[in-house]
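Going by the order they are written in, the chains are A, B and C; count residues from 1 in each one.
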């Protein structure tokens, strides 16, 4: 990972954006912001979440989904990946920050409504890009 | 149509993406992201999903080539891809500080293939480091493994083919010997 | 090995598959009496005529070296963009081979055939003897304007100049003096230390000598009936990557086998394996197996098992990549 000295200081509004996401959607277990190459940047969790593993997985899954879209001739950023299981949902959203793209992962239980999750997470991405 | 797969693994920057591009029938699918780990390697982009190339075989079958992400944070991908793989090409970057320590990580992660001989090691940038080819083979011998080790420049297609040639012979020899009782 | 024909000129080939070597030997035998001069096949790169695969790195270096030193050796490439150049492509056609040999005879006219002295040991054997002589501290190697020495027991090689493909080509195609230096030759050793300071990879050089300077005969200390194995993969170096060697090394690192058995399993004539085994022995990776010498070719003939599913896949991968057979 980059040394702290080399790293741009984390924009102050990142923490606020994640806090508001969790406040808006109480059914969320946590939200993790990572660089697109899989390093954890920031997280807010209500339960135990393996943050660094999730960061790496998120970057792989988003990169694979982008590759799949490219193969079928669909280009452009701003994509998302939704994974659903019996016990809950995992939503991954690209955060197209210039210079250092990121990925937002939002984790929720089975009762979480997909539409609510998508709307709130996209709003969070908007706040991350335009404070 | 049947499909077979070979893996390319090794540390970040060892040339896995380049090696696959050198032999794939069509331009490989890449899943690269901006590299923020410039301490590990200075390159701009790094593989975070996998690289994918393919080679058409007679009879309509297909050989799939998967390049694994180098950093060990992505070891889940290594496990997923190992399922049913014919073998693995491990690429080493000899200019890194401890190439044998790198090697240990990948040999351990792909241990099942190493033990059945389905692994070959290509050392890149040999002259930029202080670890000799002999040190690699001696380290492997210490692990109870005897695997082909070659110095390569994966930008050269012939060098990548050398690695595949050796890997195929390794797999073939293991099969032949399994069919043959000891003398 | 083939019988010595008096005053026969020698021809060799490099960079081709082992089948080309066998084919060249067989075609030469058929052509006996049909060429201006008698010819025989040689395993050594010191031959009068060298047929080479155009893309082979060692061959390219040898051609450069030969031109620079004006050795008078005649080269035939496997292909050329220049239509006026006589080429010899594998599979070698008899009439084209006759044309090439007769053309070579004209070019070599007046030069004494560089006949191989059957009784003189090969460079591989001289070097092997020197490396194994009791009390040897170093082995000096001298060839033309270059020289070097191997420090024992570490086998560290030092050379008078950076040892590249061109230098190795020169060494493989000319006269080479080898001398074992013991404790009493301190002065000679110090002179060598002063004259040859460039560290060089020893194993690649030894491998190349085993492959190219064995005169096709197995080192006397090896026995085709005695099982042996490779304790590790050799470092073939930049120029010694023959498919045959990779195939045999795969087998011998995974199981101990008598050379006769190895030949059967690899599907390669025993006569072609000598150089591989010599090179393995010279670099020090060949070790005796634990099993007793086999009286007859050991296990039952599994040499050509019915092609299994996996065998078919491997073959088709090779076909797709145009490698190996």
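Points worth noting:
Please note the rule applied: a contact is a pair of C-beta atoms (placed from the backbone, for glycine too) under 8 Å apart; a residue touches a chain by one contact, two chains touch by 3 or more.
Predicted model only: the values in this text are computed from it and were never measured.
The set of chains touching chain A and also touching chain B is empty.
Chain B has the C-alpha centroid lying closest to the overall centroid of all protein C-alpha atoms shown.
Among the other chains, C has the CA centre that is most remote from the centre of chain A. Averaging C-alpha coordinates per chain places the centre of chain A 31 Å away from that of chain B.
Note: centroid distance chain B to chain C, computed from Cα atoms, is 30 Å.
Chain C has its Cα centroid 60 Å from the Cα centroid of chain A.
Multi-chain contact residues of chain B (touching two or more other chains): none found.
Of all residues in chain A, none touches 2 or more other chains. Chain A contributes residues 1-3, 6, 35-39, 52-53, 55-57, 59-61, 63-64, 66-67, 70-71, 99-101 to its touches with chain B in the complex. Residue ranges on chain C touching chain B, taken from their complex, read 201, 203, 227, 230-233, 235-236, 238, 241, 243, 246-247, 249-251, 253-258, 261, 265, 291, 294, 298-300, 302, 305, 308, 310-311, 313-314, 316-321, 323-324.
Taken in their complex, chain B has these residues touching chain A: 29-39, 46, 48-50, 52, 69, 71, 73-74, 76-77. Residues of chain B touching chain C in their complex: 4, 23, 55-59, 61, 63, 86, 117, 133-134, 137-138, 140-141, 146-151, 161-162, 164-166, 168-177, 179-183.
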